[in-house]
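Could you have a look at this structure, given as structure tokens, before my questions?
We call the chains A, B, C and D, going by the order they appear; numbering starts again at 1 in every chain.
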Amino acid sequence: MSADIIQDGDFAGWTRFERSGGNGEDGYIGLLGPYYYHSDETGQIKVAFKAEARHLNGGGTVHGGCLLSLADSSLFAFCVPYLEGGGAVTMQLDSKFLSPGHQGDILIASGRVVRAGGSVIFAEGQVTCEGKPLLAFSGIMKRTRKRGGDS
Amino acid sequence: MSADIIQDGDFAGWTRFERSGGNGEDGYIGLLGPYYYHSDETGQIKVAFKAEARHLNGGGTVHGGCLLSLADSSLFAFCVPYLEGGGAVTMQLDSKFLSPGHQGDILIASGRVVRAGGSVIFAEGQVTCEGKPLLAFSGIMKRTRKRGGDS
Amino acid sequence: MSADIIQDGDFAGWTRFERSGGNGEDGYIGLLGPYYYHSDETGQIKVAFKAEARHLNGGGTVHGGCLLSLADSSLFAFCVPYLEGGGAVTMQLDSKFLSPGHQGDILIASGRVVRAGGSVIFAEGQVTCEGKPLLAFSGIMKRTRKRGGDS
Amino acid sequence: MSADIIQDGDFAGWTRFERSGGNGEDGYIGLLGPYYYHSDETGQIKVAFKAEARHLNGGGTVHGGCLLSLADSSLFAFCVPYLEGGGAVTMQLDSKFLSPGHQGDILIASGRVVRAGGSVIFAEGQVTCEGKPLLAFSGIMKRTRKRGGDS
């Protein structure tokens, strides 16, 4: 993750979210984002972005796929502290849509690892806006590279 | 859906996918897409797009959220014939990632309505590339407007 | 729920779980159970049973369906305070198996309502044994009878 | 699976379902069942049982956990041809309740393996009664023992 802490605006105190070793800025996160990342002293990880017109569906609310994209990225982020230098890909993701998101909303995904096994990691979280839950999600991540490796 | 059938290229015979009554081109589908739509004489509905560099994650494969976005849009498309002029929003979506997608892939979501009830519709589908399954998904859509309405 | 608080044994302080208005004792809960119910002053609801030989699968651990049965019954129990005299049936349930259960285990399902809407209720929970999570689950319950009714 | 084909009654042509190497008759399947098993020349596997009063919930329909128990057992049965002497346990299971079951119903779970990987197997199915879908489900099974082993 970038170490440059943002100084002002909606995401003051956050850093830009870039997937380690990847083309985050040029790839999918760059297309949908920018996404922002925050980790506090307790280890609580959050990933967020601001909903704009380009994130809306035909009904004028944030597209379900847009919330799911944040969920998927955040599942990975929750798992990073457990990867020990290895990687992970999403094996399964389920979700429940609780309330719609709107243009201008700051959408924040937070969550936790439920169980980190040797081959898979179970994690869960929710996307909220000003504390209101919009999406509840959970998933299973599959470890992809040896832990402790140099990749 | 647009009635203009594409004449050549990867999506010859398909039409551009626009969510009825919405800002598909300017909103989220415009950002990720273009998406393409196809319905045959049996009523089988397909939604598709071509994976580009902007759809990739840090690992160089199609971002999970990108596949989920197609899944979510296609769940709606599968339900349209059952809406009778009403609308629908996603209430629940679950997914399993079977194989990764790659740049240049034509990714096609197909599926079906499992049960259309009075207040919700159950649907399921999969995203494939040249017949190979990449994502299996199912969902519950909630009806949002009176059927038979003029909205 | 029965008002007779159990005085001793594994479930001292709990009550027998019977589904209101139903044939709990003679039906499925009677077959698998007895199940036990507990609600504290904060409204935290728990449903539990003790795993016996009759609950095991061929591998010698508690059968997945046995954990799912507890999960399904507890989703209903979590929702009861929100039913206002109405009923509810399970519309959707998803689950993740985190650790196996064993003969003699006291298996406790606890959880909460995530969102109570007009037609559906979202709830989630987990089954634990001595604090260790065995099953994480969430579900959508559909309201079935008018709230405030005398049914 | 038992090789003794039942000669008459509701399950003529089926065999009793016993989990290989296990205590099926004395354990959970014995408690809920008998379950019955059928595999045709195309490899289509079915697991079934007849709903009785002891399978009902307080509302007088088949308990959700009872349908989920059949689903869980059938996921394992669908995977057996892919286990090559190894074992499998349920890692994840999700379900959608489409219609209620009733006393006297012959409830049949059928389905298929979607993808058999080296460490997990994805499968899906549905529980039907006289062709009417009651429960749609899918799951991920984790391989537990070496394939080709003598266990």
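Basically, contacts are C-beta pairs under 8 Å (C-beta built on N, C-alpha and C of every residue); 3 or more make two chains touch, one makes a residue touch a chain.
These figures come from a predicted structure and were not determined experimentally.
The interface of A-B is repeated, with over half of its contact pairs matching by residue number, by C-D among B-D, C-D or B-C. Looking at A-D alongside A-C, one finds more C-beta pairs in contact between the chains of A-C.
Each chain gets one centre point, the mean of its Cα atoms, and the points for chain C and chain D are 22 Å apart.
Chain centres here are Cα averages; for chain A and chain D they lie 36 Å apart. Chain A and chain C have Cα centroids lying 31 Å from one another. Shown for chain D are the residues in touch with two or more other chains, namely 91-92, 94, 96, 140.
In the complex of the two chains, the chain C residues touching chain D come out as 18-24, 26-32, 53-66, 68-73, 87, 89-97, 100, 144.
The touching residues of chain C, counted against chain A in their complex, run 94, 96, 98-99, 114-115, 122, 124, 133, 136, 138, 140. Put simply, chain B touches chain C in their complex at residues 91-92, 94, 119-120, 140, 142.
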